[in-house]
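Submitted below is the structure of interest, expressed as structure tokens.
A, B, C and D label the chains in the order they appear, each numbered from 1.
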């Protein structure tokens, strides 16, 4: 399955009638585990890249190019479609274009560009979100769409405007971004079904939802046009817990064999690292 | 703690009287977890880099430079000393020199160069190990030592000769490599205390042991001159198991909240990603 | 023009009836100059990458991945088709596959895999070339072909066998490599038209020729099936001379203005760095 | 000569009494040419990196990490001290810290952080420069100083304030940046000796000057405290002209041999790529 086919599969989900959740992945191996479990869509977030490659918080200290390098490592081997959080495009509209260009080349299936100020402005609190103007944001969305080479690549406009400008401001932004040609609207922080219904009424585009604080079923979500619902960062935290337990056991003198029931089997590991494929190549080309 | 200090701490372990085991780490975050548990020394192996960054088996398809990039990501943030498996130096003596140069620049505390044929030769079986001649290997060890800029960097000569050439061949190699100026001898696959004793008698250098199939205590190991004992690849397999369970739960419709007892706490995550340090920087330089 | 189209243009040259020479390029800017002059095909050699990025001789100390990074920098902006010297694939057949994979991803239009021993073996003289066996070489050519994703990517088998095994050995190799499915035969060091005629008679594949020491016209070359003739490394040496003169002038106190007649005009520089395109983006997306 | 010694040499120039100009370099090979000519200090600018690696104008579309990669390629082999234009640190104070960290690790001897808005703000004209507030700028300078590991690394505060805020605003900024702990003041665009004298009187720090539009001698410059005077981007433009002439000649059917008088000699090329050093390694470690 090549990158265009992976993009088309993501498009099919967005064009469908169900609401699904992607697997949070963060490196090549985690993506392989997710697809072994059955996932067809993975999600890579800036916070995950920052945590695992820089051991840094989500404060935009990573660069487009090192982010793209991590995407490439994943997509070199992953069969799942990968949706990536492209933050605000790391600067102005030209930087948005470079983000789209590099992420597309790295093999991403879809990405979102957000209408927020980032990195933090002088004096801005860490937990405060600020929006850039609707005109500037629309320009960035247009730039993102124009920078795409493969028409199958999904570009989503992401906004946390609900909490900052309320539903009116959000609707104005959604309409403007839809007019810019994006493929989906990514709404952060809704907490009422009426919000989703209003956004769904305002645009024909499929919705992606993150940080949802409500109690809708997936069917109710789907009825509001939501095709992708993001869940939290559990994968990395689960990894960390497993690492802590493993390291603690060994550091305190525990025997490696005691951990046998807590680790993946050799067969699982072999499958994840494509051992049989490599063996076949050895047989075909090296004897 | 800078790279030279990290190297000196590794040297102190090698010059000491105990036998310790390093934590197997594979990315920046796993290294941070290991040091949070108390580890002072980490180990990064080519097999781990291949598995997590390429989803590939340990067949030398990764390059020196992408290996160095992973080391750099780890050492940018890690306080632990990192020992790295440098395989056979990825080519001839000039490639050994480039390996030492790039790994040192990336911040490694110590690395080993092995006297094996790699990548697999035409017709060589996947599980067959072949040694290069003692003269060629000694030249590579001399080259490794000469390529070092920081005299604190530890260079170990690694050999699996015990299984291939027996104790006599191994002792000849160990003496030759010691004469080349390496700082430690890394023996793979011993299964008898007499082997370790003979090697210990043949050189004053500290020993590192991997793939040990015996039943010595750490004190007995230490009495044979062994300062570092490698344990298996448990960390990555533990990670994979945790990922499988997390992904399976969510893929099958399980609630994220059900996983709360299986993940690291927000406080632990914050500590690992240096959140408080970044917050202090925000306070000092951005308001 | 996308990468597949660039590959198809290279294929059209190979399928044509003329013998052309590519421009030797080494970075993004030199490729832009070459295409501004009219070149449709560029050539990037390992020796050029080693010289300009590592200031090292052509001894295989660079890695596949840093080579691919340089290719990517060029192909991000170049419209010309790029043929790349892939040396011997940097290891065994698995490394050949990785070379093809990474170079293809970086955007290369075609590459050659050579049947030589590299890096230098222990005891091998710097100017001595050694061939690997015909069986092993054929396996590498099969692996290269299998590793290709885009069927338009050109894969050439390169051999300097004429000087080592003479015409008989060369013909045997050419036939074997053609049977492996390569798209072209790249012959190094012919000095007689009869050699080219014999190779042309032995295979229907188009020929690429390097290090030719004879006096054939392009028409005569073309009649022997030669479609691409490599000329020497003049571009880098011309660059160095220009740099030496510029630096010497200024270092010795010369006025910058004295150099005006020896540098590209601001208009030429603007065209090379796509200044007008960026300006148009600023107008469209940022006001 | 290691990186700290290279930094100390740059510091010696700043602490001296002369006004010198560095060589504009842009890749490993150009740096080797500059030092062969006699230069002890090189200058790498964002515009040069953008032009040669991205074929893009100086609009901040390159990232910190790819800039650092280019610095590393240069400093892996260069003996000269390298001063780098760090633009505005590519974001906020945290990004400034990352810039200093990555550039220092890559081996830079000194770098400047500018107090301008970059990348271009929405609606900002391409040739318009905007300053960030003095408070925010001072925070970034403090952050840059704090992010340094090697105390020998030179950090300069760069400002084009003369044209925007006049001499009064400039002096206020210079004093504030000096108080932040930077090692030098980098003034862009002065055109009168009185401006330099006023700045020199306001701070004890050495001055660096760029885009000077006046007619001072070097001795007069030095008397105003100027230790480094930047000249234009001639090296790249000279390279481009040489490439155009070489490519045009060959493209139009000219013989390679006709260019012999316009290229560096094989002996010069060998010296630049350290051929003799590699040969010595081959002799010592591979036979």
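Assume a residue touches a chain if its C-beta (ideal position, glycine included) is under 8 Å from a C-beta of that chain, and two chains touch if they have at least 3 such contacts.
Small disclaimer: the values here were computed from a predicted structure and weren't measured.
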Chain B and chain C are the same sequence; what rotation (0 to 180°, nearest 5) superposes their CA atoms?
180
Can we say the copies chain C and chain D touch using the same residue numbers, with more than half in common, or are the two sides different?
same
Approximately how many whole Å separate the CA-defined centres of chain A and chain D?
37
With chain centres taken as the means of their Cα atoms, state the distance from chain C to chain D in Å.
32
Shared interface positions of chain C, touching two or more other chains:
59, 76, 92-94, 97, 120, 122, 136, 139, 278, 282, 286-287
Listed in rising order, chain A residues that touch chain B in their complex are 21, 23, 27-34, 36-39, 50-57, 59, 69, 73, 76-77, 120, 122-124, 126, 231-232, 234-248, 250-251, 256, 259, 262-264, 268-270, 272-275, 278-279, 282, 286-287
Considering the complex alone, what residue numbers of chain C touch chain A?
2, 72, 76, 92-94, 96-97, 101, 105, 136, 139-140, 142-143, 146, 149, 278, 281-282, 284-287
Which chain B residues qualify as touching chain C in the complex?
59-61, 63-66, 91-95, 97-98, 119-122, 132-133, 135-136, 139
